[in-house]
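Several structures are given next for inspection.
What follows is chain A paired twice: with chain B in the first complex and chain C in the second.
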Partner chain A sequence: MKILATAKKVVDVELTIRVDGGAIVEDGLQYVINAWDENAVEASVQLKENNGAQTTLVSIGGTDNTDMIRKCYAMGIDDGIHIDDPALEKADSFVFANVLQKVYENGEYDLVITGKQAQDTDSGQTGIILAENLGIACVSNVISIDVIDDANIKVSRLGDAGTEILEVALPAVVTVSDSINEPRLPAMRGIMMAKKKKIQTMDLAGLGTSYEDVGGSALKSEVAEYMESETRQAGQKFEGDAAEITAKVVDLLANEAKVL
Partner chain B sequence: MSPIFMSLLLIVGLAIFGRTMYYKIQLLMALEPADRFNNIQGRLKNLIVIAIGQKRLVGRKKEWASGIMHAFIFWGFCVLIIRSLNLYGEGFVTGFELPLLGQSSILGYLYIALKDIMELIVLLMVIYAIYRRAVVKPERLHNTWEAYFVLGMIGVLMISDLVYDGARFNLITTYGNPDHLHFFNNSQYGSEFIWTPVSVMAGKLVSGMSFEGTKTLIPFMFWVHIITQLTFLNFLPLGKHFHVITSLPNVFLKSLDYPHEKTKVLDLEDESVWEDESLGINHIHQLNWKQGLDLYTCTECGRCKEVCPTYTTDKPLNLKDFNDTLKAELYDNAERIITRKQMAATLTDDEEKNEEIKAKMLELNSEKSLIGEVIEEDTLWACTTCRACEQVCPVTIEHVPRIMAMRQGQTLMAEAYPKELNVALKGLERNGNPWGIGYDKRADWAEGLNVKTMAEDSNVDYLLWVGCAGSFDDRTKKVSEALVKILQKADISFAILGKEEKCTGDFARRVGNEMMYQMMAEENIGTLNNYNVKKIITACPHCLNTLKHEYPQMGGNYEVIHHAEFIDQLVNSGKIILNKSLEGTLTYHDPCYLGRYNSVYDQPRSILNAISKDGLKELDRNGQESFCCGAGGGRMWMEETIGKRINIERSEEIINKQADNVAVGCPFCLTMIEDGMKELEKDEQIKTQDIAELVANNMA
Partner chain C sequence: MAKILVIADIKQGVLKGSTAELLSKAKAIGAETAVVAVGSNIETLASELANAGSDTQYIADDASLELFSAGPYASCIVDAANQFGANLIWFGFSEGGKACAPRVAAQLEAACATEITDVTIDGDQITVTRPAIANKVMQKVKINTERIVAVVRAGAFEADESTSGTENVVKLSAPAADLKAVIKELVSDASGEIDLADADIVISVGRGAKDQAGVDLVKDLANDLAAGFGSSRAMVDGGFMAHNKQVGQTGKIVAPSLYMAVGISGAIQHLAGMTGSKTILAINKDPEAPIFNVADYGIVGDLFEVVPILKEEIKKIRG
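Up next, the complex of A and B:
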């Protein structure tokens, strides 16, 4: 079984993200692998370990993505493809899905595993659009993957009514939830060995397409402006006599919060 | 007596002994190298104080009686070794005298008097030892036939020599010395027997024997003594009594690094170490020869387990058994280890040939994997690295470096470390702290406190190293605030690194993740050297230990001081004036990395005594034998699922002291003790505070 996993590099959400003039202030920010994609990589590596799958990782982004790809190698991924084209800087989910489609078509994969969404945009669309483009099955929010045979898998997903168990014919796309697994840390030995391992790096031309072909010239959506998220105000704590506190709280709710 | 018989006994006895020792030494030499021949002066000092002075036996208040017992047996042996030479000589030449110790010198007389009394003392000590084993039965001791057998042999040695001399006395004085036996008889110092009252007493005990009987008794006792002694010598290397031979060298060769052998800075860039699987310890042959000698020397006294916070709370780590198991594994693999070493010596520049040799060497690795098959994983990961075991070990066995090297093997090579550590390790990698909170929030605690960062002004006297807990943990942030208040009050020029500071890597190193440690250390040393930092104050003993003792290995050399030491200096110089205003009973919990790792015991006590109205009340386990909170060695980031929780055990001890306040000097201890109090529902009654908080609240 050949698996294609995807990994997006996203801003470390532990950091305070500041916006200035509608744009994100890049200074002081650092970037990490999207947490859900880390689950996708882990799921792929587990299928490699348990079912002998062959794993390829694809990542779209700038030069600094190579560090992330190497860490995925150290987690157990076999091959890495890095699509590095400056034209893709403003791309949306549709464009990314189109690029991934090209990668998919070049490699004859049986299963694509992506994170169900990315921590930066939270769109949750790329994997689904990719499946739509390819005309293959797609299961989202997946929490377990089992191989039935070479042509079929059994997956569980979290649906509205609870856990749904589905049998899916391959090829297919699954987008995984973070409850599917606990991603391992990159193996130390893997980190050292991954330094020498080759990454196939290419631009869109190298992939056999162009920015126009993947829909770049007619983006379906564009970020117009970023706004800083509001930080929650610290709450108030009341201590002391119960009767006094009650009176005070009622007063505040009535006169300050004006909810009573 | 009989030169032929004597020669025969000596040849057989010494040949067997020599063969045993040759084999033992050969095995040690096949282990990994360790440099233990530097600083001879320092080594001699250890030898005199710890080994010959029996410091850890007689110096331990809790067990003074058995300490004195052992010390006298040991000192007795030292005295009697000369006597043995004398007796060997007697075996060949009747009336043999050692140079300077003959009857013509007062030294000779003093020696026989000393030997005489020592034999009695050793005999009494042996009787006490047997009584203690058989009747008192201390929990830490493991009763074996071997122990009784050896005690019995020592008893026989003493009795045979005393009776030998006693029978000589009888023959010489009662029967008029018809055989012209040699004895000291100098006109100035008189007869030998005036100097040897114990032997004379022994003579009295056998005085009922006939002339013929007495005459036979002398050679009989002589040969019993000699044969027992040679049997004893050959018996020693076979079991735990090998320490009689190895403990002096073991103490002499102990690491002089502080406080124990430092973890090596592994060269992780070297590809061959990954291919040869030579990082850390995963196989018994990877012990260094001194660690092998430690195993030979373990006396199975059980002090290590008795003070161990994990053993005493029912975790599977029992250091005595740990040593025993490793020793058995070492002996089981002796042939393989020696052959492997011989093969390693044939490695050349010829890469192709080397591949072949290396493959064969790999086959000679011990069959069992050291962790998992020989030592249980839970056993290895239980250790809090508190060093209580090392502090009490009479023969200075270094348990902790060995455990850390095994953890390195597990983490680096086998990827078999507790996966629950991943969250903290990932936090370290991404944001330089085990909580994984954004690194940009590291200095948020200092907002509004008027604290400069080095980036703003590096022209300061001290760097205040805040540490991860002091920066991110809500409770410990209050300690940082209190410390800032004190420093500002004393008008100290200082700054913090703010978001440029990262975890020192202490916890990563203790769990064997040398890669992460080196990453943290390199970045921090780069930052510190960039600001030309010379002096560092820190409220975290783990940071203190790493900055002070481990960063120099990687080019970071700073004068590092714990805040308790610094505050003590401020008090002594009058910059801080303490009020004796703290109400209620105050006690102090020594943090392991402040006490046992950095010998800071007095300064916290001096501060606390100055602020407490009633004075400091010590816990039962304090100072060098303080009891760990349970969070060291990376345990802070692991669940404690086996046995009783260590922090509960310690909190109960504090509660039993009827303390109202407990002072700590470490953020981990603060968390652990406070959590313990909460769980025992005593947090309302007993306040857990850092020294800095107590000082800030009780200064003028």
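Up next, the complex of A and C:
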């Protein structure tokens, strides 16, 4: 089986993020692998270990993506493709999906595993659009993947009414939830080996396409402006005798907030 | 004039509140409204769908549509969108909506935005507002296409009781089944439990509750109040709570009148699921816990001591 995992480098969401003049203040930000993509990489490596698979990682982004790709090597990914083209800076999910489609078509993959969403966009669209455009099966929010045979897998996803269990014909795209696994910490040996491995880096022309071809000149949507989020104000906090403060808070909930 | 198609949110044959919220908003901005309902044995919902504020009801009612399947559901929605000539297509927040919206957008060559909290229509220009980066910022997104498919964030729009519509049912034919991804089984949620999305009060339990006894203590309070009983990821990972009870960025997004976070630290991924609540009460023994930064009322204390008192005090006022 040939697996293509996708990973995006995103701003570290644990840090303070400031907005100024409609833009995010870049100063002091750090970039890390998107958490759900770490789950996608782990899922790929587990399938390789349990069933035998050839695993490739693709990441679209700037030059500093190479350390993330090496991290994925250290986790057990076999090959890395890095699409580095400055034209893609403002790309939306549809453009990323088109770029991923090119990568997919060059590699004859059986299974594409993406994160359920990227932590910078919080969109949750790219993998689903990719599958739709390719006309192949897609299951999102997946929490387990089992191989049935060369042509079929069994997955479960968290749906609205419970856990849905599906049989999926390959090729397919699955987008994974963080509940699917606990990503491994790479071992020292893996980290050393990862340093020496080659990464295939290319721009859009190298991929055999162009910015226009992937829809870049007709973006469906564009972020016009960033704004501070409406943060809640900390309210009243009570410390002291449990009986006393709890009675006080119940009174406030009933008579001030009027929610009891 | 804008034409807004709302996807009816139906669970176990019951129409969920988000449908009326979205239709109320659509009417409030002066749009022509329609609703599309997909499922099995749902035709009886037509008048309810009209009352919720739709002027046309596209209904795909077929035994094959009983279990959610993203492909066929998306086909029905695309069919309705084309028949109605919708330029805005709105899903309420649900896993089904999140799975279908990008498919529908790809088929209609429309833009797609998830978790929107607002929309403005200025002539032909549609702009949406949505949170990004784990709710740390908001973004205004300019839509460059004529059509947009959006998932509306839970609690973003309010239902207006005075909104109503007219019954005008259009039946949709059942689409072909998805043979590439076949749903085999649904391991259903514990039935009889209150759906987090509907609950007026949601009480969530976190790692502070430690073990089953702690979880049961908090659950008892939830039962007393007929509240939805939710969880942080820590208690789902710990095996104490079902996946579908997780509140947060990878779980449910809730916006009840009252949210109680019991023994929950307030990690950003948890906050992303509950800061839209009207009133938040936090109970935590650590006065520095980040949950207190978003709580209207905070009780610094040991939940094993506080929760039983809370039960008694609430009983006193609610009888």
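Here, the second predicted complex is superposed on the first by the 237 of 260 C-alpha atoms of A that agree within 3 Å, B and C clash if a C-alpha of one lies under 4 Å from a C-alpha of the other, contacts with A are read in each partner's own complex, and residues count from 1 in each chain.
Operating definition for what follows: a contact is a pair of C-beta atoms (placed from the backbone, for glycine too) under 8 Å apart; a residue touches a chain by one contact, two chains touch by 3 or more.
What you see is a predicted model, and the numbers here were worked out from it, not measured in a lab.
The superposition on chain A brings chain B alongside chain C with room for both. In the superposition on chain A, contact is made by A:Q30 with chain B only, not with chain C. In the superposed pair of complexes, A:E14 makes contact with chain B and with chain C alike. When the two complexes are overlaid on their common chain A, residue A:V142 makes contact with neither chain B nor chain C.
Look at A:V58: by the touch rule set out above, it reaches neither chain B nor chain C. When the two structures are aligned on the shared chain, A:A40 is found in touch with neither chain B nor chain C.
When the two complexes are overlaid on their common chain A, residue A:I180 makes contact with neither chain B nor chain C. When the shared chain is aligned, chain C comes close enough to touch A:A169, but chain B does not. Between chain B and chain C, it is C that contacts the larger number of residues in chain A.
Look at A:I191: by the touch rule set out above, it reaches chain B but stays clear of chain C. The superposition of the two structures on chain A yields an angle of 110 degrees at the Cα centre of chain A, opening toward chain B and chain C, reported in steps of 10. Between chain B and chain C the least C-alpha distance in the superposed model amounts to 5 Å. Contacts of chain A with chain B, set against its contacts with chain C after fitting on chain A, overlap at residues 14. Residues 12, 14-16, 28, 30, 32, 182, 184-185, 187-189, 191-193 of chain A are the ones that touch chain B when the two sit in their complex. Taken in their complex, chain A has these residues touching chain C: 11, 13-14, 17, 19, 24, 92-94, 116, 119-125, 128-129, 132-133, 136-141, 143, 154, 156-169, 172, 177-179, 218-232, 234-239, 242-243, 245-247, 249-250, 252-254, 257, 259-260. Contact residues of chain C toward chain A in the complex are 11-12, 67-68, 70, 94-96, 98-99, 101-103, 105-107, 110-115, 127, 130-145, 148, 178-189, 201, 233, 236, 243-244, 249-250, 257-258, 268, 275, 278-281, 287, 292-302, 305-306, 309-310, 313-314, 316-318.
The part of chain B that touches chain A in the complex is made up of residues 268-269, 271, 274, 411-413, 415, 419, 422, 425-426, 430-431, 436-441, 499, 513, 515.
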